[in-house]
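What follows is a short report on a single structure.
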Amino acid sequence: MKVLKLQKRNLNSYLESLRVFGEIYGPVRKDEKYIYGQLDDLDKLDLRMLRTILPVKKFLVPPKFNTFSFEGYTYKPELEKIPRRVIFGVHPCEIHGLLILDKFFLERFPDPYYQERRKNTAILGLSCVPDEKCFAKSTGTHFVESGFDLAFNELQDFYLVWVGSSLGDDLVRLRLDLFEEDIKERDLHEYMKWRSWRDSQYKLKLDMTGMPDIMELNYNSPIWKKFGDKDLSCGACSMVCPTCPCYNVRDQLKPVGNSGERQRHWDSCMFKPFAVVAGGHNFRENRAERVKLWYTHKLKAFITEFGKPACVGCGRCIDTCPVDINIKTVVTALKGV
Amino acid sequence: MPEKPKAGFYNLSGCSGCLLTILNCEDQILDIFNGANIVSFLMANSANIEKDLDIAFIDGSVTTDEQEEFVKELRARTKKIVCLGVCSCYGGVQAMEYEKNTWSARFKKVYGTKPPTITKPFESRPVDAFVPVDYYLPGCPIDANQFLYNYARLLRGLPVDIPKTPVCLECKWRENECLLLKNIMCLGPVTATGCNARCPSVNLPCVGCFGPADEGNLTSEFNLLKEKGFSFPEIERKLRMFGGVKFVNKFKTMWKKVKK
Amino acid sequence: MATNVYLPEPMRIVRRFNLISDVRFFQVRPLAMDRALSLDYLPGQFMIVSLPGIGEAPFSISSTPSRPGLIEFGIRNVGVLTEQLFKLKENEIIGVRGPYGNGFPISKFEKKDLIIVVGGLGAVPLRSLLLYTLDNRDRFGKIYFLYGARRPNEMLFLNEFLELKGRDDLNCLLSVDKDDTGKWTENVGVVTTLFKHLKGINPNNTYATVCGPPVMYKFVIDELLKLGIPKHQILMTLERRMHCGVGKCGHCVIGSIYTCMDGPVFSHWDVLHMKDLI
Amino acid sequence: MKEIRIPTLARVEGHGNITVQIAKNKVQKVLLNIPEGPRLFETLVVGKTPSEVVNIVPRICAICSVSHRYAAIRALERALEIKETKATNALRTLMHYGEMIESNSLHAYLLALPDFLGYPNAVAMVDKYAPAVLRALRLKKFGNSIMEITTARWTHGENAAVGGFGVTPSKQQLLDIKNQALALLPDAEETVELFRNLHYPTSMEEGMTFMCLKPPTEKYGFVGNSVLISTGQEAPIEDYLKLTNERVVDHSNAKRCSYNDKPFVVGALARMNLLGERLHGKAAEAFKRCYSLSWIRNPLYTNLAQVIEILFCVEQTPLLIDQILKNYDKIVTDSKIQKPGGGTGKNVGAVEAPRGTLYHYYEVSRGLVSGANMIIPTTQNLDAMETHIRVAAENLLKSAMDSTQGKKDMDLTLEMVVRAYDPCISCSVHVVNLD
C-alpha cells in the first residue's frame, strides 16, 4: 500500500481541494455530541470527535430514501440523484463496520442503492484514541487494512496517509504537492511508538471469543427476561449501530393520479411488528425474544456466516441506550461474570 | 375511472388544528380537494351537503350531547370514520383529568352557578367512546405528511397505515442527543412517532402529543424516570397531558402496579 | 450496471379464477416471450409480487419449471396487498420479481422415493414439486402425495388432484377433516390418518416434504420419524415476514439465518439445530 | 313572530349559529349562539408547571396558537420576573409575524373572499381566479414557513418556551425566509389592491369603540403592556378585567365582554384605526390609499385591514432578519432558554392575536400554577358582532321579507358580518371566573 505524509497545517488546504470530487462531510459538534455534518466551512470540522451519533452507514443507506418512483406499473429506480461525497474523519472501527455492510450488501444479490452510494462516497479514515466506551481492540477492529480510500494516521506534526484504493490515489493526485512521498525511518519509529501507546489506551475489554457457544448455552437463560423487562423498544440501539442494516418498505402515493414512490426506511428488530406475518402471528411477541434476537444476530449469526461478530467495538450502543442494555452489559451478563 | 369517494371533514371540540393542518398543505391543497368529492368541510366551505359518505374525517372530541347525537348520526351514514388528532382519537388535552371526577367542579368554576343552557356539556371523550371508529391518525395536531400519505391510501380504499414505533426512532434519524441521558424527562420512548421528532430536535423533551405508542414499555420508562428523581405525580401529569383517555384505559392496571 | 434486484418485472395476468372461496389462482406471463421462456426456477422457490402504491409480498410458485412460459400462484386474500390483487382482471399487469429462496434440492431426490405431505395452502408450493416430478417421472422412485384439507370446498386444485388418482405411477391420497357435502368419496380424517396407506417404505431411500399450517408440522413429522425417515431427509417450507427476498431487509431473520435466502426450505435437522424455526 | 336562522356558520373556526327574531317587522332579538363544547382550559392549567402551561394553552386554538403561546409566555415571565432578552424578543416578533401572515391570509383569502366573489369556497375560485388563489397559498405557506423555523411546526410548535427558545433558527433558514419575503412583496401589494377594489356592503354600518395594545415604540406592532381605547383613554393591561367585563349568557357557551356597558371591537380593524398612522413604507402608503371614515363603522373593512397587516409583516421581515443576522452569534446565546427565576408570582400578559387583544393571566405558587384567566378576542367582539348583525338585519328587513333574493342577501350579509370578525370559536368557549 502506498503511504504518504501530510503536514497537519496542510490538512484544510487539502480537504478544500477535494470539493471538485463532491460535498465534504466530517465530524462537527452538535451540542455535547458529534455528527458527520456537511463542511461548507472547514472551520466547523472538529477532530476531537470520538464517536458520532449516527455512523457512516447513514450515507450509504440513508434512514429514509426512495428506491423507485413509479407511474402506473412502470418503475424508475432513483439512482441518479445520489451525490458524490467525501467523508473525512472515519475511525477504524467504523471502516470495519463498512466492510461488514459491504459483505452484506454487495455479495449475493448486490444492492444497487448501496453499491451506487458506496461508489460515490470517498471514505477518508482517521486514527483515534479510545475512551472508556471503546473496545475496538477486543473486536480486532482498531486498525484498518482495507475499506477506505485514504486513511489518515495522526502523529505529532503530520499525518501518515495510507492510500487504500484507486479512487484514493486519484484524490491524492489532486494536490500531490502537499504530500511528501519519502517516509523516513524516524517517521516509522514515531508511528510504531504511537501504535503501542494507543494499544495501551483501551480501558474496556470485551472478549468475544466463543460467543456462538455462549449464546447457545444461554438460549433459555433468565437474563433475557431481565433485559426484556427493561427494554424500552425504542430502537435507538439499532439506529446507531454501524452494522445494523434492517429496513422497511412502503409506497407513497399522491392524492390524485397513479404515481408515487417506493420508500425504504430504517427498521429495527427491537420493534414488535418486525416479525408479524399476515393473519397477525408474531414470531417474536415479547421483548425478551427480541433482545435475544438482536444479540444472537450480532454475536452468533455473523460469526457463523462471516467468521467474525457484527460488533466493531465502537461503543455507540453503550453511549445510547437509556436503560443500559448494550453489548457490554449483555456480554457480561451472558458470561455470568 | 371509478367515481371519487365522497368525503366530509368535521370538527367537534378542539382547536381545529388538524383541519388547519390540512388547509396548511398549500402545495397539495388543490389535489386534496380534487382527489375526493368533498361534500362537507364547514371550516373552508359554505355549500355543504350532509348525506351518505365514504369517508368522514373528525377533528375534536365529544363534549356535548349535541355532538354525541351528531357522531351517531354521522356513523349511520358513513362507511369509514377517521379520527384526526388526539382529541378525536383519545379525548385530547381537555381529557387530561379523565376519570379523576373533577369535571363538574371545574365546570362550575368556569361558568359559575348559572351555566348556559344551550347544550348539555360533559367531560371530553374520544369519538370511539360513542361509536366505532375505523382509523386513527393521532397527533396534536396531526402531521401533514402522515395525513397526505394516508389520505392518498384512503381515497383508494386502503387502510390507514401509521407507525407503531416510538418517537425515538425518528429522533435518532435526526441525530439528536438523547435527552433522557441528560436527565430530562422525555416521553419519546412511550409516544407514537409520526411527528419527525420535532421537540427533541429543538432540544426540548417530547411532551407526548401523538399519544401513547402501542409498543412503548411504560413500566420501564416509569422506573427510569423515577431513578432520575422525577416524582410520581410529575410523570403521570405528563403522560396524561395528551394521552388522555387512551392512557388511562390502556395503562390503568399497570399504573396501579407501579404506583405501589 | 447490473440489473436492479428490486425492480419488479411487469407480467400480464393470463388467467385467474378462484381455487376455493378465498384463494385465487393467478397465471401470469412476462411481457416478452423470450423472457417468459427463459425464466427458470426450482419447485419450492417463491417470487415477490408488487403493486405500485400498495406494496410487495412473497408468494410461492405453484407451476413447474418443466412447463416454461407461465408462472402460477395460489393466493389467499388476507390483507392489504392480496385484497388489491383480487381486484385485478385478466390482462392486467402486475409486477413480479424473483425467483428467490433455495427451493427443494431436486438433485438429491433423484432415484429416491418421495412422500409429499400437504395441509391447506401448502398445496401451492408442493404442487410445483409434484408436477415437476410427474413431468420427469423416470428420474424418481415411488411418489406419495398426501393432502389434507378441512373440508372438500377448502381443497385447492381438487379436480386436478382427483384426476391424478387415475395414474398408476403416483399414490395420490386425499383427505378432509370433515365432509359437509355428503359427496366426498375419499378419506375423512386429519392428514396423518393417511399414513396408514404408506406400506413398505424404505426410510433411508425416502425424502419427505411437508408444507401446511404451523399446527400440522409437529404431527406429520412425528409420523415421518416413526417411519424411520432420517431427519435431514424431512424437508419443509416455512413462512416469515419479508420485504426484500434477497437477505437485506432483515424481517425474515431467525437466529442465524435468513429465511428468504437460506430457506424457505429447511430440513427437520435444521429446525432442531437452529431453534426458533417453528 | 318570525325567525331568521343560519344554523351553522361556515368558513369560521368552530361552531356557531345566528338567530334573528322578528316581530311586527322589527328586529326583536339577535342571538349569536355558540354551542361548541367547553374545554375548561383555565382549570386544566392549574397544578401544572409554567412550561407545561405553555404546552397546553396553544391548544385553545390552532389558528392563533402562536399568540396564545406568546401571551402565556409574557404573563408567566412577568409573573416570575424573567426578563425577555432583546434576542428572544426579536425571534418572538418574527414568529408572531409568521402567524399574522398565515392567519390573515387564511382569513382574508380563503374564508372571506369567496363571499365577495360569490363562491362557496376558495378552491372553487381556481377556475376564474387562479392567480389570486395561488397568491393566497404562497403567502399562507410563507407564514407557515416562518412558524416552522421559529417554533418547529406550523401549528403548536414547542420551540418557543418560557425563558427563550430551545433552538435558534439557523442562518440559512433565516436567509431563506428573508429571500422569500423579498420575493413575496409584490404578492402582498397585489393583495392589498385586490381587497381595496372589492365592493363592501354598507347595510351593517354602526360606529364602535376600538381597543388594541399600545406598542412600546412609536412603530406599528403587536405587543404592549397598555391598551389604547378609541375614546382616547389608555389603560395598563393589569386592568384587563375592567376593560373587558366578562359575563356568562345563557344562549351561548362563549362568554361576553363589554366596556362601559357598550360593545367594543378588537382585531386588525381596531389596530388600523388606532395605530395606522404609525405604519411605515409601503404599508403606510397602502393605508393612506385605503383608509376612510367608514372604517370606524363598517366591520367588513377588517378584511382590508388584515391584508395591510400582511404587507406590513412581509415588508418588516427582511429588516428584522437583517437585524438578527447582524448579531447572530449573540442572538444564539441570548435566546437560549434561561432557567426560570423565582417560583412564585402572578401577572397578566397580552399580545395582539390576529383577531385582537389576547390576555393571559396566571398565578404561580412554588413552581405550579394555582390560578389562571384568559380573555379571548372573539369573546370581546361577540357583542359588537351582535350589534352589527342587528343593524344589518334591520336595514335589510324590508327586502328580505319580500323576496327569496332578499332573504339570500340577508343571510349572506349576516354571515359576512360574522366572518369579517374572523371569529375563533374554539378560543371563545372556555373562559373563567377566578374565585
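Order of writing sets the chain letters: A, B, C and D. Residues in each chain are counted from 1.
Rule of thumb we're sticking to: a residue touches a chain if its C-beta (ideal position, glycine included) is under 8 Å from a C-beta of that chain, and two chains touch if they have at least 3 such contacts.
Fair warning: this is a prediction, and the values are worked out from it, not measured in the lab.
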Centre-most chain [mean C-alpha coordinates]: B
Selected pair, greater C-beta contact count between B-D and B-C: B-D
Chain of greatest Cα-centre distance to chain B: C
For chain B paired with chain C, centre-to-centre distance based on mean C-alpha positions, whole Å: 44
Centre-of-Cα separation between chain D and chain B, whole angstrom: 25
Averaged-CA centre spacing for the pair chain B and chain A, given as whole angstrom: 37
Length of the line joining the C-alpha centres of chain C and chain D, rounded to whole Å: 66
Multi-partner residues of chain B (each touching 2 or more other chains): 152, 156, 203
Residues of chain A touching at least two other chains: 250, 253, 260
Pairs of chains satisfying the touch condition: A-B, A-C, B-C, B-D
Chain B to chain C touching residues, read off their complex: 152, 156, 158-159
In the complex, chain C residues that touch chain B: 53-54, 80, 84
Chain C contact footprint on chain A (complex, rising order): 67-68, 70, 72-75, 77, 79, 104-105, 108-112, 219, 245-251, 253, 258, 260, 262, 267, 269, 274-279, 281, 283, 293, 296-297, 300-301, 304-305
Contacting residues of chain B [partner chain D, same complex]: 11-18, 20-21, 23-24, 26-27, 29-30, 33, 41-48, 61-64, 66-67, 92-94, 96-97, 102-103, 106-107, 109-112, 114-119, 121, 124, 140-141, 144, 198-199, 201-204, 207, 209, 237-238, 241
Chain B contact footprint on chain D (complex, rising order): 8, 10-15, 33-44, 47-48, 52, 55-56, 58-63, 65, 102, 106, 110-111, 114, 120-123, 126, 137-138, 140-141, 144, 152-159, 161, 165-167, 248-253, 415, 426, 429-433, 435
